[in-house]
Amino acid sequence: MRGASAKWLSVYAVAYMLFLYAPVVLLPLFAFNDATVVAFPLSSFTTDWFTVLWQTEALHDAVRNSLLVAVAAAVLSTVLGASAARAAARYRFPGKAPAMGFIMLPLVLPEILVAVALLVPIIQLGLSLSLWTVIAGHVLICMPFSVAILGSAFQGLDISLEEASLDLGESRRGTFRRVILPLVMPGVISSLLICFTISLDEFMIAFFLTGTDVTLPVYIWSQLRFPTKLPSIMALGTILLVLSVVLLVLAEWFRRRAARRQGLEASATGGLM
Amino acid sequence: MAPGTSNSIILLDEVTRAFGSFQALKGINAEIREGEFFSLLGPSGCGKTTLLRLIAGFDEPTSGTIMIGGQPMAGIAANRRPTNMVFQSYAIFPHLNVAENVGYGLKTRRMPRADIAAEVERALAMVDLEGFGRRAAHELSGGQRQRVALARALVMRPKVVLLDEPLSALDRKLRDQMQVELRTLQQSIGITFILVTHDQEEALIMSDRIAVMFEGEIAQLASPEELYRRPRTKRVASFIGVMNFLPAGFVAKDDSGVTVEIAALGKVTLRLESIPTTLDPATIDTVGVRPEMFTILSDGREPAERSTPGTVVGTVYYGDMTYYTVQLAGGVEPVTISMRNTAGRSVLPSGSPVTVGWGAESVVLFE
Amino acid sequence: MGLKLDTEARRGLLLLSPTAGYALVMLAAPLVMIVTFSFWTQNYLDIDTTPTLHNYREAWSRPIYRVLMFRSLRISLIVTLATVLLAFPIAYFVSFHVRRRKALWLFLITVPFWTSYLIRVFLWKVILGFNGVLNTALLEVGLIDEPLTFILYNSNAVVLTLAHAWAPFAILPIFVALEKIDRSLLEAAEDLGDGPMRRFFRITLPLAMPGVIAATLIVLIPTMGDFITPRLVGGTEGLMIANMIQVQFSRANNAPLGAALAVSSMLIVGVISLVICLVGRKLGGRVR
């Protein structure tokens, strides 16, 4: 595992990372490039494209809608996910495995199938498409992530801690508030952040289930047809990238801090696996 | 069973617990006295922890009654019982510091903060952890966690403290030290302690009375001395300490006592008072002799009531004691004899011929 | 039935019911409806509910759908193969050759994927286009005289884009599996005389198999259902089945056919996944 093979592997690793970052690096490059065509050679530096974004009403609406949907989806799926994860970790009852398997199913179904599957009954029932239908769809696909993250949080909860709290005279509700919740809080925050990010970036379901109010990805899709809009899309992408990175770093920081507070070791992959 | 005496704090009446078809507890009857150190002793799976959890309120019996302080506990949840538990894993809340842990139950009772602080300090002093209030949970060693768990229970001033194998996670030296400390503490504050353990030495050292349990039943409930000197069954005898079992048969019974014939030892008459009342002498097939009730006689220096020849076949040297395995002439299995290594005694090598001394008082009969 | 449930079981069921109920209503019911739908027929806006295999016959016999279905399959398999093969060395590198900053490497690997998927696919279009970044750069430098045309608007572009898009989903499971391998096993093998190559094939690879299988499935299943990438960079040669499904549900107004196509592609994916799982178990030995 030393010497020559390690050298080649390092070269490969660098080359692979270049491949990964190739498109991403272009984002800020052309976001600040003063040209309407996204191609080399570069011309001068400008922040005009960001100003254009700032002035586009439709974009602001799309951002607002996306935030609304993402927050709602994150909260709802975290609550539902926590409830299921707690049930699975703490109690024994018939039908647990198939029920859990079913809740996790959206993870292995292609998004288009989920989108189409949700569309059909909505049409049949004559319901109208709106942000609420999008939220409903997002909750469905975010729930498995929430269950996975909170599953490991609840598994790690020692049952004798709950019993100790009861033994000391605390009620069930008090035990939840004073012992369980603080201990799974890192998982809750992680779940909220991850579900938020998933919903923010989700296109397929939003595309099929959206009414007149569009979310950000659907808005971007509609703009991709217009070549002149390209550079401002680059600017938008840059902003989204920076935002996501910040959110991710925050989520990771929270997770590590909370784990350290409990004297546990925080693993590198962060419990998501 | 006799009705609870005026100082009994816990009454267990025909308590059973079944899990499906498996009977974990098969009819437990016991009375625990106020202020005593009571132990539930037995091998894993005997039901002792199940019983403790029934008393604590984490589980309900399938049938039977549990009374604490004269009140029936049926339907009363753990958080409303006058008991507090020290868990095997200590269950120290990892997100709270020591003071917050110890004061947890007092906060539930909505005690004013200043009072909680005073009580917490008092409890920490009791367990030798003064000034530890601000320490974080993960900074504590195993022994310190155990004391915090104890302080947390004691600060609640319960009627009964329940301890679920509290010393099993500690290393040998710490465990020995804690055994003495726990006992002293209990005696000074006078609260009833119920301890669950599988370690018979631990139970013998700490308890006022011990209930030995096998397979969901109490085999014998008695003081440590009673259990050791007069174990009721062969199983109890071999669980507590070491016991030599010798085949024997009933010979005769008269006013002076019961005469039995013991393999390799010969006939001996045992006093009537030493015979368990429930035993029909005709059914005797085995007797027991503790290793320290045999002596190895050296040149007639300590005379014994009776003596038998034998040969040393093995020795284990323990420093203050030596355990000899001796094959008695005419015996089937070798017996274990323990001798204190007092001045002037040297360890006998394997193969040495010896004379083994014993007496009628050495013999234990089983039901 | 008469199940006797104790308080614990009842509490558990109660806690689980909102989530399970939601999944049931939002997923099970619609899935059932999709399957039912696939057996109906639609004429413009009228839906005829007599059960028929008409849609399935169309889906499997008409050349256009067959072509799309099998092209989707081919592309997905190639993408999966490429992605997993390319992902393995980097996962190996981070697991075995990076001592201290594993978390940092993992973070760096996932950062590109926190851009919008749409934008990322679009960036590949920008890179590979006739007047795109790659061509203009190569022209500037003088490596080529005319722009390359074989890199965009065909299945090659789709494969490249998808291999890039799914990279971290392949890297992470393989990494996790590699991390779990007890290093002392490899030391024992070395002690018993195995060189690095043999150690890899006899110990590392079989033990990493569960991760490789997971990576394969994680990439294969969604790529069958992707329609953004084919739409943006696939041209006509690169269109996949998901595009057709989407068309049936919108312009063509033939939802039952769309449903049949969706169910059919699901079946194909399901069968292939099963095969992969079984093959993987064999290759990986009895390690769980």
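The letters A, B and C name the chains in turn, as written, and every chain counts its residues from 1.
By our rule, a residue touches a chain if its C-beta (ideal position, glycine included) is under 8 Å from a C-beta of that chain, and two chains touch if they have at least 3 such contacts.
Every value quoted in this text rests on a predicted model; they were computed, and no experiment measured them.
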item	value
Shared chain contacts [subunit A and subunit C, defined touch]	none
Centre-most chain, if every chain is reduced to its averaged C-alpha atoms	A
Busiest interface, counted in C-beta pairs	A-C
Computed distance of Cα centres, subunit C from subunit A, in Å	18
Centre-of-Cα separation between subunit B and subunit A, whole angstrom	57
Centre distance in Å when subunit B and subunit C are each reduced to the mean of their C-alpha atoms	62
In the complex with subunit B, residue positions of subunit A that touch it	158, 160-161, 163-171, 174, 178-179, 182-183, 261-264
Interfacial residue positions of subunit B with respect to subunit A in the complex	56-58, 77-80, 83-85, 87-89, 91, 93-95, 104-105, 108-109, 136-139, 152, 156
Complex contact set, residues of subunit C against subunit A	3, 5, 8-16, 18-20, 22-24, 26-31, 33-34, 37, 86, 89-90, 92-94, 96-97, 102-103, 106-112, 114-120, 122-124, 126-127, 131-133, 135-137, 140, 164, 167, 172-173, 175-176, 196, 217, 221-222, 224-228, 232, 242, 245-246, 249, 255, 258-259, 262, 265-266, 269
Interface residues, subunit A side, partner subunit C - complex	1, 5-6, 9-10, 12-13, 16-17, 19-24, 26-27, 30, 37-41, 80-81, 83-84, 86-88, 90-96, 99, 102-103, 105-106, 108-114, 116-121, 123-124, 136-137, 139-140, 143, 147, 197, 201, 203-204, 208, 216-217, 220-221, 224, 230, 233, 236-237, 240-241, 244-245, 248, 252, 268-269, 273
